[in-house]
Amino acid sequence: MTPADAVAPGRGAAFAVATAGARRLSGAAGLAGAALVLLVLLGPLGALLAHLDPGAVRRALTAPGALQPLVTSVEASAVALGVLAAAGTPLAWAMARGRLPATRAWETAVLVPLLLPPLVIGLLLVFLVGPTTPVGEGLSHLHLSASNTFFALVLAEVYEAAPYYVLGAEASFAAVDHELEQHAALLGDPPARVFRRVTLPLAAPGLASAMAMAWARAIGAFGAVIVIAYHPYGLPMQIWVTLESGGLAAALPYALVLLVVALPLPLVAYLWTARTRPQAGADAGEPPAVALAGRWRR
Amino acid sequence: MAAVTGQVPAVAGTAGASPRPVLHADVTVERRDLTVTADLTVPGGDLLALVGPSGAGKSTVLAAVAGLVALRRGAVRLGDEVLATGAAGRRHAGRGVALHHRGVGLLAQRPGLFPHLDAAANIGYALPGGARHPRVRELAEQLGVADVLAARPDRLSGGQRQRVALARVLAAEPRILLLDEPFTGLDAALHLGVGAVVAGEVRRRRVPTVLVTHGLADAQRWADRVVVVDRGRCLQVGDPAALVREPATARVAALVGYRAFVPTEAVVAAGGAAARVPRGAATLGIHPACLVVGDGAGMPAPAEGGAVGHPGRARAVTAWLQGTVTALRAVGAGTEADVVLPGGAVVPVALGPAATAPMPGQPCAVTVVGAPWFDAAGCLLPVGPPGVAAGLAEPPGVAAGLAEPPGVAAGLAEPPGVAAGPPDSSGLAAGPGDRP
Amino acid sequence: MHRRSKRMRLVGAGVVAGALLLGACGGGTSAGTSAASSTAQRRAGTADVAFAGSLLKVDDEVVGPAFQRATGYGFTGRGGGSLGLAQEIASGEVRPGVFESVGAAPLAVVGTARSPWYVSFAASPLVIAYNPEGPHAATFRAAAAGRLPLARVFEAMASPGFRLGRTNPATDPQGQAFVMMVELAQRDLGLPPSIVQRILGPGAATGGTGDVGQIFSETSLEAHLQAGQLDAASAFRSQAVQLHLAYVPLPASIDLGDPADAAGYAAATVVVPGTGSSPARTVHGTPLVIDVATVREPGQSPADAAAADAFAAYQLSAAGRRAYAAAGFTLLPETVHGDGAAVPPAVLAAVRSSR
């Protein structure tokens, strides 16, 4: 054995240790970075929990009519989500499949509410659907008003949440392999049945998370709401009004309620998406060698 | 035309089936890089194979027949029914029967199983009752996937997915069957079994079927006719055996397994009179299955390789070449030699068990039996009087005049039954290299 | 199991650390610093001025820059609800050098330790801004010009289908003032008692919600009017002037803009409904007077303290008063409240010179 040979393993081992160390170091750095992000993201939540006074929460939530904003918010968001699901889903599908002329233009149009500050959306809605505008007059024939009404609240929430749902849904439809839809059609399914049997189930996890995102946006909508739907109070307005009149301590219980109401749906959707993700890529790659159990082999 | 070869197990029930209409696809499709044109006629119950290199446009032809791409020109007809017509200048394939009314069964290269359904539900997708339809289990058992019926596609192996997808297509009882590389990922045993199931279905239900494959052996085994496709065009259509025996051009020859083209003098027998073509103006097509390597003993080795046209043959000759063995290796029970031919091409040659193995590095005599000749333009040259056809393998007596080296007859010995068959149905398909 | 507990610990740590981070940062400030385009010699201190939202435009655009040019000090302004700002100052979340508030109540929140004195110098009377293209515009225009009795304006506002906009009495002093103004108008203009309810909706002054369709946020009320979606809206005269709104001026006895009428205003009350756990409370009418005070904080730099004093003095000087008058405020005789001995000499000089 030459001296070089004798040294080499040692050097190799040292190198291995060094790379392992570097890996550990970069791993630690990654962990630290992740922890920092988590910290920053959860900071407000921590502050909320730290400043909550259980007694204040109990008092605030047991006061007569205290839960009315919660009911209003949940109802309005549910209606807004229903509208988005009914109108946004076909739009998202058509966009994803390029069935619309000038798809880019549609995408941009959907993005506009996302790019504008919600306050500005609210102000523009005043011009669009205020009582003396043509739209407003049309609405009044239907005994609807888009000013300080439940309808106005729903409208504002739809505008704030629409981009999140439509773009999310478009992405999840686009992720559905078009070949699968073609196979279903060749197997005899007319388009509507292809959509129901293949497209929708495959896009469902993505649609659910888009829906969850939209839910969170809708129930937390404030900028456009404060302009066209000061009343009836949903949770964000209730928080704002309480903050203005009674200070931070009085408003925090409602923030907690908002969090508790807004969070479960996104969480459930996320967990569902995470559970179904491995199945989405069935065609993508070979699974680890599964014993070929053909009957001709035996 | 629809002769069922001996390799496909006889299937009962052919008698009662009603005659199926003929699929006629005269299609021109614009692909990004290529214009694909094909004119195919497939009678019900027939299996037509498209053979060619990757990117030749085989799958595009299937897509055009299935209705997945727009026709630039032409039409797809099933009997009297027009499924699609050309829509020149139109972006969308707007004209034609909707996909779900076409009754096309397409097994694509990617199986395209529905990932959210288990194997049984995939197979039963087009059946009333879905996974519970008795046909699901029946097909799964025939194709060897009965024990994975409850599994989702992501739990299946590539071969299992392929067979589940095939079962799904067959279960739908299509009016036209299009199979794109249905045998990839299957080992030899499965390959045969799946092929037999497909062939059985095709014959029993009299479905016009188009099979895309890059393996000539599959085409020869299962197909009634073979179309050689290259760069978007159909180069030659024919009986599988004849196609290999008499490739119309050198390009076709290359696509059907000829491994080397050796420039040499040609002896052309035209009207019984032999004429010499100047050296270099013709090439000899070399198929590995037609090569016999000897040790040179007893061979009238020409000084620098040569060939002699056989006046008794239409378009094939027996030729002698001087080669050099570069490597030997065991293949199965026999031996395979890499032989460098004049011109530099290296061809692997199976040595018969009786052959005396030459040593690597040594020159050897190479006899090419039944090789086609091509002129400078790559077109097949006639050798004998037109109209006189013969099988590739010569009975020993035929070659006697050419002083065959010992071992030639042994290496190419045909099963008597095949050699005795009609010229159309014998040939290379039964050659030693292709026998499973 | 192990992984999960680790994750839980991590989340817990994140929450605690996040809370610490937030505490360390304190409340955010949204201040715009405009660089001194100095004609006077540049000086070290910066006047950090917190002011009521209704003073934002005049302070940020007129008084602040003029102060910088005249004195060479820096200027930073922040606007907000008077009461909200006062609470932030009291809790130490924001540390301005000067506080300009509408009404004295916010100054009581700040406390005499920080602001031992304040000077009232202007008032912000209420007006009724109207839509010049609305169906009742003719009535409003005529009343504004004195050709129609003012009572006709209130009768128009009480008519069915009239679209009135006002702010939330629970959060905004102007929202309270508008309700009280309607009560005072009913009393002084000989209108039937029911008109208060007909204009504002049932219970608006007595702890009920009133017509919630009339309530808009402070930020968007005038926008609704300008968009033509309201027939009339509550406004300070300063807002009407600065936004070029058509408006009907009101007599001093009901516009809550004249300290001399304080006794009369006090007769008007509004019951502010409680929100959440806070109980309903009764608010009495007071004049909408603008006060300026300096805020002393421990640790404040002498230069910034000097800048704060200079700003108060500038605000009370002829130039500062002119700016307010031009912006639609009513100028009042400057009056020192609180500990007169603590008033800086420069401020005292300005107060004296205004007389």
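Read from first to last, the chains carry the letters A, B and C; within each, the first residue is number 1.
Here is the rule we use: contacts are C-beta pairs under 8 Å (C-beta built on N, C-alpha and C of every residue); 3 or more make two chains touch, one makes a residue touch a chain.
Owing to the predicted nature of the structure, the values given are computational and were not obtained by experimental measurement.
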Q. If each chain is a dot and touching chains are joined, what shape do you get: line, ring, star, complete or other?
A. line
Q: Tell me which chain's centre, taken as the mean of its C-alpha atoms, is farthest from chain A.
A: B
Q: Can you check how far apart chain A and chain C are, centre to centre, with Cα atoms defining each centre and the answer in Å?
A: 38
Q. Distance from the CA centroid of chain A to that of chain B, rounded to the nearest Å?
A. 54
Q) In whole angstrom, what separates the CA-based centres of chain B and chain C? A) 90
Q) Touching chain C in the complex: which residues of chain A? A) 35, 38-47, 49-50, 56, 59-60, 63, 66, 119, 122-123, 126-127, 130-133, 136, 145, 147-149, 226-227, 230-232, 238, 241-247, 250-251, 253-254
(Q) Give the list of chain A residues in touch with chain B in this complex. (A) 177, 179-180, 182-191, 194, 197-198, 201-202, 278-283, 286-287, 289-290, 292-297
Q) Taking the complex as given, what residues does chain C use to touch chain A? A) 10-11, 13-19, 21-23, 81, 84, 87, 163, 168, 170-172, 209, 212-217, 219-220, 223-224, 227-229, 272, 274-278
Q: Could you pull out which chain B residues touch chain A in their complex?
A: 66-68, 98-100, 102-106, 108, 110-116, 125-126, 141, 144-148, 152-161, 163, 168-169, 172, 187, 189-190, 192-193
